[in-house]
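Below, chain A partners chain B and then partners chain C, in two separate complexes.
== the complex of A and B ==
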């Protein structure tokens, strides 16, 4: 039997949350920017084999970006087992806002696990990606960081599966 | 039948989808569609899967009402589709909670379009701010480069030029070898060219900052042109070119003496340098509507058709001038900048091997603003539009090409 985990995609507008979800769910990419309102909910069953084979379903709540923290946003966060905080690596302000989103999310779901995705790495040169020092941000946010590209698919599945493994591990430990 | 169930039945008639979900197992107790009754909530509302603990808290009244507008999911209960608004609240009379779902696609589409526009505008604003910051950085870098040219390049160049000139003088007395002298002359020429380029770059910088200075004085253009011609008498003799100044009574204009002098000096220098031996340069100053027009006409080599569109670009040099005459390609660019900052206009006509005529029109009084555009009486006035003569003749090339 598959276990269900609600995970939220959170971050500023136009950082690529919906594109990341679509890449993970359907392995497809749409270049046009289409604003998300409210929340889009999708599911994906995944099979993990290490250490033992297990099926789990991620219920992905793709939230509208850049909304103020209201009771409505709070309602969207409720019951989340995990979160993927997304920023656009080419827009420094979206990275700066991450700590704010993490703090708000923790108020509603303090026990949830999370990872950070710095998306759109395809827009910066390869040498800049290689030279990017994640450590200061990792220390500041206290979360694993993934450089991703929804356009190319780079590291997207890895980021989602890492969160899934962490959620499973946490549940098993509990 | 308990009272809350009756209440739900009433609600069912009014709203599209209503569920009463009760007990610890989160089973549907009452619903709009009778078939849903008795089934677990994750079956009838699968989009709520993964948040069972929260739903139990809701059922026990541990958390307040949850409102989730504009929710879309692949597995909404039929007949719902598109966007829905979901309201969940604890049931006041029993352990459980009520879920009300209303389709709201039309309103959501409007919100989506507005959000799209808002976000696109915000993105554009971000891009503009980024570009503006980059421009400021580039301006600072440029200022640094100019300062470096001024302090660290011109001074050693002056030393080199002086040294080479001295060596050439000594060489004239000692007469070592033709090769030695040729190398000295080439070196001196190169040093002078580099000095000239550095000076031109400083001129460009000064012309960029002219608007910031706001310094405007009444200027007698005839006197200014006489001083320019006096400066270039020797050069004209060297090139065997005759200079003529034709004037009538012209009013004073408001401008910056130093920069206007640079602008006209560039034109006179070009007219001499790109002339033929025995050629002429005619400068005419005459009043025109709300301004003064200065014409600089030469009998020189002219500008090739393929070069005319680019003559105002920085560092552009025509094919012939590039090979036959020394220069930096900045003179006309600087002149255009200065004319623009006086809210004037510049136009060039040229015929290959016959000569070039440059027309400059300057207003009597530039608008009192630090930009080319001025707002007056609620309207926008672009001073470039005030053209006293027809600037659109077929052979003529304005500053915009």
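== the complex of A and C ==
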């Protein structure tokens, strides 16, 4: 039987949350931008084989970006087992805002697990990607960091599966 | 000696050579363009790539003019297309027409039911008068009775959904029925909609309000009731039964009192007793009200009823005439309590404890989910006083109302949140 986990995609507007979800769910990318109104909910069943075969379903709540922390946003965070915090690596302000989102999310779901995605890495040169030092940010946020590109699909599945494994491990330990 | 004319001509050539070349080139170009314009095939090749864009631009800047220009031929074009490509039109229209016809027919039936009801109201049907009287007593518009006969409630499915995450804890479907493309996504969106309604309708500082109890989607109705940590969604077609929400509250009581800790196993399996309850109580199709059987004709029943009523009136009048009448009457001032005494169940508390209800509920006459609920439904957020406890799961509460200074009933303790003294 598949186990269900609610995860939220959180971050500023136009950082690529919906594109990341589409890449993960349908392996497709749309170049035109359409703002998410309210919330999009979708799900994907994952089959993990390591250490044991297990089926789990991620119910992904893709929230509209840049919303202030209102009771309705708080309601969307409630009950989440995990979160993917997304920033646009070409817009430093979106990376700075991550810590606020993490703090707000932790107020509502303190036991949830999370990862950080720095998206749109296809827009910066390869040498800049290699030279990018993730350590200071990882230390500051306390979460694993993934450089991703929804356009090319780079590292997207890896990020989601890592979160899925962490959720499963946490549940098994609990 | 040189010829002046020849020299002039030479000079002219020198001065005007470039201009003459340009002129010749222009002439050739004009001839070329003229040839293209006058040649229909060549002209088409020029304008064909840009005609769509030109029309789009023109439509943006002058939409009415374009519409006026095209309107004479649009209907002919559509007619021609339908004639030439009928199958394509049918495949486009069929998915739309099905639901459209279904909805239209349903609305027509409801309108017919209203008309029939209006006619019946004028008739001298004792059975209908009794139904009408019973419906009014329960606060239900009598026309709903007729509607219920025309459109009986057909359950489709029942969901029990986690309040916070929107994840389905349990779902049961009636055989052969389905609702929505994906129940997991539907449950998530339904939860988001409930959250939205709650946040929208709650005033600042007040306890949360705006609980969504019912949703209509095309021919389906989704009835909802909230429990502790979860809510129940009952999906069906037709007119919901009169006691629909009470039945959902009963389900919630069964869940609350059956398991004090985790109801669902770690694997997400639902306990068999709950599945049985859901299938038996909520998935069975409601019977339409039975038609009048034969037997004693209506007129006869009416006459007998009238005769009995007359006799009773006569007896009452006689008793009134013969009985001694008091000069003065003392009006009662006693307070009415509707519940058994505290000593019958549980342990009374020395001092009542203030608490607030975390959901709307009707207290019961005894600490038992099967006990009869009181007629009063206390709202979510109401301040009450706990006066007794029973087996650590039930609490007897006191609550003042306008009609009765103190109503005392039993509610599950999980519905109460103690207030700081």
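General remarks:
The rule is simple: the second predicted complex is superposed on the first by the 174 of 174 C-alpha atoms of A that agree within 3 Å, B and C clash if a C-alpha of one lies under 4 Å from a C-alpha of the other, contacts with A are read in each partner's own complex, and residues count from 1 in each chain.
Convention: contacts are C-beta pairs under 8 Å (C-beta built on N, C-alpha and C of every residue); 3 or more make two chains touch, one makes a residue touch a chain.
None of these values were measured; they are calculated from a predicted model.
After superposition on chain A, the partners chain B and chain C collide with one another. In the overlay built on the shared chain, the residue A:4 is in contact with chain B and with chain C.
Contacts of A:52 after superposition on the shared chain: neither chain B nor chain C is touched.
In the superposition on chain A, A:41 contacts both chain B and chain C.
Touch counts on chain A: comparing chain C and chain B, the chain ahead is B.
When the two complexes are overlaid on their common chain A, residue A:131 makes contact with neither chain B nor chain C. Contact with both chain B and chain C is seen for A:79 once the two complexes are overlaid on the shared chain.
In the superposed three-chain arrangement, chain B is struck by just one stretch of chain C from 221-229, 311-319 or 383-391, namely 221-229.
Taken together, the two complexes place residues 4, 6, 38-39, 41-43, 57, 59, 71-72, 75-76, 78-81 of chain A in contact with chain B and also with chain C. Chain B meets chain A in the complex at residues 42, 46-47, 49-55, 63, 66-75, 83, 108, 111-112, 115-116, 118-120, 122-123, 126. Of all residues in chain C, only 162-168, 182, 184-185, 188-189, 192, 195-196, 198-199, 202, 267-269 touch chain A in the complex they form. If you check the complex, the residues on chain A that touch chain B are 4-6, 13-14, 33-35, 37-43, 57, 59, 64-66, 71-72, 75-76, 78-81, 91, 93. Chain A contributes residues 1, 3-4, 6, 38-39, 41-43, 57, 59, 61, 70-72, 75-76, 78-81 to its touches with chain C in the complex.
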